[in-house]
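The following pair of complexes shares a single chain, chain A, combined with chain B in the former and chain C in the latter.
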Partner chain A sequence: MNSILLSAIWGIVMMFSGVFTQNKTIIRYTAIVGLVALLAGNCADMIGYHVAIDVHKMLNYDEFGMLGNAIAFVSTLLLVLVSGRDMERVGHNLAEYFALIFFVLCGVAIVTSFNTLLMLFLGIEIISIPLYILTGSDKRNLKSNEAALKYFLMGSFSTGLMLLGIALLYGASQNGTFFIDDLWTGGPAVATRPMFMAGLLLLLVSMGFKVSAAPFHFWTPDVYDGAPTVFTSFMATIVKVSIFIGFVRLFEDGFGESRDRWQIFVAIITAATLFIGNITAVFQQSVKRMLAYSSIAQAGFMLLALLALNAVSRQGMLLYAAVYGVATIGIFAVLIRMKDYTFEGFNGLAKKQPVLAATLTIFLLSLAGIPLTGGFFAKYYMLAAVVESGHFMWLVIFAVLCAAVSVYYYFRVIQAMYFKDGEGSTETEPGVGFKGMLVVLAAVVVVLGVWPQVLLGLLAKFPYTW
Partner chain B sequence: MPINYYIFLAVALFCIGVAGVLTRRNAIIIFMCIELMLNAVNLLLVAFSKMHYHALSATAPHAGIDGQLFVFFIMVVAAAEVSVGLAVIVMMYRNTHSIDVNFLNRLKH
Partner chain C sequence: MIPVLLIVIPLVTGLVGFLIKNEGNARGWSLLSSIVTLIVALWGLSLAKTSPLLAANVEWLPDLGSRFAVGLDGLSKILVLLTAVCFPLIFIATWRDQYKKAWNFYALMLLSQAGLIGVFVATDALLFYFFWELALIPVYFLCSQWGGERRIQATFKFFIYTFVGSLLMLVGIIWLYWQTADHSFSMESFYALRTKLSGADQTWVFWLLFVAFAIKMPIWPLHTWQPETYEQSPTATTMVLSAIMVKMGLFGVIRWLVPVVPVGSWAWGDTVSGACIIGMVYASLVAIKQDDLKRLIAYSSIAHVGLMCLAIFATTESGLQGVMIQLFNHGINILGMWIVVDLIERQFGTRKISELGGLAQKAPALAILLVVVALANVALPLTNAFVGEFLLFSGVFTSTATQYSVVFTVVAALTIILGAVYTLNMIQRVFYGNTNSLTEKGVDIKMNEKLVLGAIVVLIIVIGVYPKPVLAMTKETTDFLLSKMNYKL
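Up next, the complex of A and B:
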């Protein structure tokens, strides 16, 4: 509850801070203070101190959602610390950008803790609507305009599908309820109704749209390419993983008992996502577009959690959220500073900017899933979860093969930086603070890779009761 | 009246909306089709709400009220979406003097 309230209030504070001051440094520090407060509020919630508001069970707080919140807030904090200055260059309305980011975080806090389909819908919309604005925030840039319009049309279309799915599930439920754990009341008799299955599939499709799973991914590269790079970083990491946490909650609590009926669809979507994401990423010329496709491919791995739906997959989901988020934020932070977004733009970067090249290498290795970086354990937990559930062994093998393909395009960047000569240079000389933050991000990735229990131990440490 | 009629009507309206989104090229008309989809869902929710009320009102006097509440939330969210969506379309019109979505293919190159 704390995080929902704090993020909404701080969003308004940020809006007013834009009225009272034009000083961008003050605005940035206000946002950082807000994010720290948000994180502190969430941690207080985890150990039992929270504002007592009767939500009539519409929100359900558990360690999984709380830890997901914490990961989202820490990632946002890191994003603002490492790329806050680049946000200033997007446009004049810095305070409003931060306000929108806080409103997105409010939606994130709802999506990680919803207990009814109503709250799921509201949370997804509170996330989406500010993102449409952030995507189009570079108003003079035609690419940004197009990305915003495309994202908006696709987003509201998928919202329509989600609403039809919710309405059909409501009609199929025996006692007229939106509570996700009551949808199944009435047992298998409910699940055989075509209305239940149609509603479930529509929800699957619309959530697939939101997390850019394969047949519904076509908007992702264009939107990620067109949006200002700072906000692409925000969308591809924090927003995506928190919608994934909601996705897992929905299908575990709401449809866990009827999993025999829908798992085959998820398996097909996962296989398609892994295949299309990885194969298309190989052929990209722009690193930003490659990262968009790689985020589709990583979504394929996160979808494995939806197939397994056990304790291991929940751990894997959180680890994946943290590791993928931090590594991708780091890569985008370096990318923003580059003059040229193509692979050639990175040629010879290692000679000019050894710190940037070294940290970038760690992030890329982590995304590829090389041992000693967090990405390895994240992928390992996901695969282990599916193996433990005992079904879909072919998908595990397929996922490993796809991960092998992904090594090719991640290593292309590393090869360009270290083994090619060129002018690879940044727009301005990066400051010590920026380099220091990159080293911190890289350290987080390595620590999670060597000792994932730092994070996962928290799952068991806070037995949450509301 | 049996619930089937309402379901058919709502699903037909929804399908008209989907077909409009997929075939029309004018951003405003696509936008109206999305609104049509949302309103079809509203109709469906109200019909289901009445259905649940008839089935359960003997034991639960407030049965089915959730569906009608949901409709209000959809209206509010649709209004918020309209304001943002029209702003995006206006912004695009200012830069390109067109609201044709065929224009959107530029990003692929």
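Up next, the complex of A and C:
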């Protein structure tokens, strides 16, 4: 509860801060203070200190959602610390951007802990609407406008599907309920109703749209490419993984018992996502577009958690959220500073910016899933979860083959930086603070790669009681 | 304790090495580090096998059932010894090679050594996988940064190839892990699986693991990355690749495949052996036609490794003992060959056999040393490879695991003849005959090279005449592995 309240309140504070000051540094620090407060509030919640409000079971706080929140907040904090200055360059309305980000985080806090379909819908909408604005925040850039419109149209359509799905599930459930843990009441008799299946699939499609799973991914490359890069980074990491946490929660609590009936659909979507994401990424010329497709490919890996739905997949989901988030934020942070977003733009970067190149290499290795980086264990948990469930071995093998393909495009950047000669450089000389933050991010990735227990141990440490 | 030291010394010195921004110091530093590693390795070898110093086992990832477990048994000892011996020799032999940003080069070399030793001492499957990948990353950078003209493509092919294999192996390891009784990655738990898994399961999981190992060795038809990578890599790295890294594949089969899924190995033994045989003959024939020295040695390596793999699947004591000793011999011998190639290339700027000739007149010491190494390469009696290959062939011949043992032996023996053809042909055309305008200016080898080649020659002859200590070292492990491999449903 703390985080929902705090993020909503701080969003309003940020909005008004723009009225009182035009000083960008003050605004940025206000946001950082807000994020730290949010994180502290969430941690307080984890150990039992929270604002007691009776939500009539509409929200369900557990360590999974709390840790998901914590990861989202830490990632946002890191994003603001490493790329905060670049947000200032997007446009004049810095305070509003931060306000929107806090509103998104409010939605995140709802999506990670919803217990009824209504709250899910609310959370998803609270996340989406600020994002439509952030995508179009570069007002004079046609590509940004186009991306915002595209995102908005497609997003509203998928929201419509979600509402329809919720309505159908309401009708199909025995007593007419929105509570996800009551959907199954009545047993298999409910699940065999066509209406139940139809509602479930509509939810799958609309959630699949939000996490850009194939074949509902078509908006992703254009929106990610068109949006200002800082906000692309925000969308591709924090927003995506938080929705994933909600996704897993929905299917585990709501549809876990009927998994035999829908797993095959998820398997097909996963395979398609992995395939399309990885194969298309190979052909990209722009690193930013490549990262858009790579985020689709990574979503394919995260979908494996949805397929397995066991303790391992929950841990894996959190680890994936943290590792993927941190690494991608790091890559985007460097990308923003680059003169040229194509692969050639990175040629010879290692000579001019050894720190940037070295940290970028660690992030890329992590996304590719090489040991000693967190990405390895993230992928490991996902694969292990599916193998434990005992089904879909073909998908596991398919997934690792796709992971091998991903090496191709991630390593293209490494090759460009280290082994090719060129004039690849950043627009301005990056400061010590920026480099320091990158090193911190890289250290996080490596620590999670050697000792993932530091994060996952928390899952067991804070048994949450409401 | 000792295995941990063996990993930590090169790892730490390697990381420090990045900071030594001076070529000469970096070179000395890496040589020092590798010598310390060698001393520690020898210390480990001298200890009784019950010594608690030879193993370490600490908690790493309790939730996953994986521990940081390392240990030295006969098989690990022989490969750790090989790694520890090779690195100082490589550093001394390539002392005069020039590299841009040499400190990075030497640091990465040391990191790859840490990875390699990690692979050989790990007794936990996940840890093994961890090091397996770690050994690859520095080598990838070494080859891509300092290699020949087409290095980027060649190394990339190599990387993708091995990465696909590794990932399939990872799936196999995860699957096996869930089958273990106590959900653990430890070697004991994995070895206990052989009675638990059904024959059908063993036969398919066999391939998941074998593909990774076969790519690394490499076995035909998965070898296509190798000649190009060897050719394009800087010679010091090629030495690491061919002397030590290909052993990772054979090691993987011996430690993590045949004892874990003996039924699968038995079921596919003939198929694998067939591939080995085809690869051996094919590689030998191709080697005869090569004009580039590096490619010639690369193909000859495919033939030799194929024979070792063949002998593993023969499942006989002499075969397996032969593999153990040959793991070491092949590493030493091929290292000697590479050193010669490196010398020639540095002096004349070419590796083309057709452009060389008459070197023996200009460099008699080199010629003598090379001839010994080359004779070892064709397994002449009194050389170490003779002992190894004799055991290998007798192992294959007496194998009861396959009904084609005679055919396999006969065809495989053909490659000895072919091996003599290309090796002697190479010596004749490079070292004898008339000098040409290029080799006219040749000078004999320097002290450091004499030292290294001399050491290799001594090893070749000592092991060739008196192989008993080496065989005794691995005897117990061989028997242990055989007892696991001879399991039938």
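Convention: the second predicted complex is superposed on the first by the 466 of 466 C-alpha atoms of A that agree within 3 Å, B and C clash if a C-alpha of one lies under 4 Å from a C-alpha of the other, contacts with A are read in each partner's own complex, and residues count from 1 in each chain.
Criterion: a contact is a pair of C-beta atoms (placed from the backbone, for glycine too) under 8 Å apart; a residue touches a chain by one contact, two chains touch by 3 or more.
Since the model is a prediction, treat every value here as computed from it, not as a measurement.
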> Now for A:125: first (chain B), second (chain C), both, or neither, which partner does it touch?
Replying inline: first
>> Going by the contact rule stated at the top, is it chain B or chain C that touches a larger number of residues on chain A?
In response: B
> Is A:145 in contact with chain B, with chain C, with both, or with neither (first, second, both, neither)?
Replying inline: first
> Should A:423 be classified as contacting the first partner (chain B), the second (chain C), both, or neither?
Replying inline: neither
> What is the contact status of A:175 with respect to chain B (first) and chain C (second): first, second, both, or neither?
Replying inline: first
> Just chain B (first), just chain C (second), both, or neither: which does A:260 touch?
Replying inline: neither
>> A:222 in the overlay: touching chain B, chain C, both, or neither? Say first, second, both or neither.
In response: first
>> Applying the document's contact rule, which stretches of chain C touch chain A when the two form their complex?
In response: 61-64, 129-130, 133-134, 137, 141, 144-145, 151-152, 156, 159-160, 163-164, 167-168, 170-171, 174-175, 177-178, 208
> Any idea which chain A residues touch chain B in the complex?
Replying inline: 118, 121-122, 125, 129, 132-133, 136, 139-140, 142-143, 145-150, 152-153, 156-157, 159-160, 163-164, 166-168, 170-171, 175-178, 222, 225-226
>> Help me check something: in the complex, which residues belonging to chain B touch chain A?
In response: 3, 7, 10, 14, 17-18, 21, 27, 30-31, 34, 37-38, 40-41, 44-45, 48-49, 51-53, 55-56, 60, 63-64, 66-67, 69-70, 73-74, 77, 80-81, 84-85, 87-89, 91-92, 95-96, 101, 103-104, 106-108
> Okay, in this complex, where on chain A does chain C touch?
Replying inline: 315, 365, 370-372, 376, 380, 383-384, 387-388, 393, 396-397, 400-401, 403-404, 407-408, 411, 415, 418-420, 451-453, 456
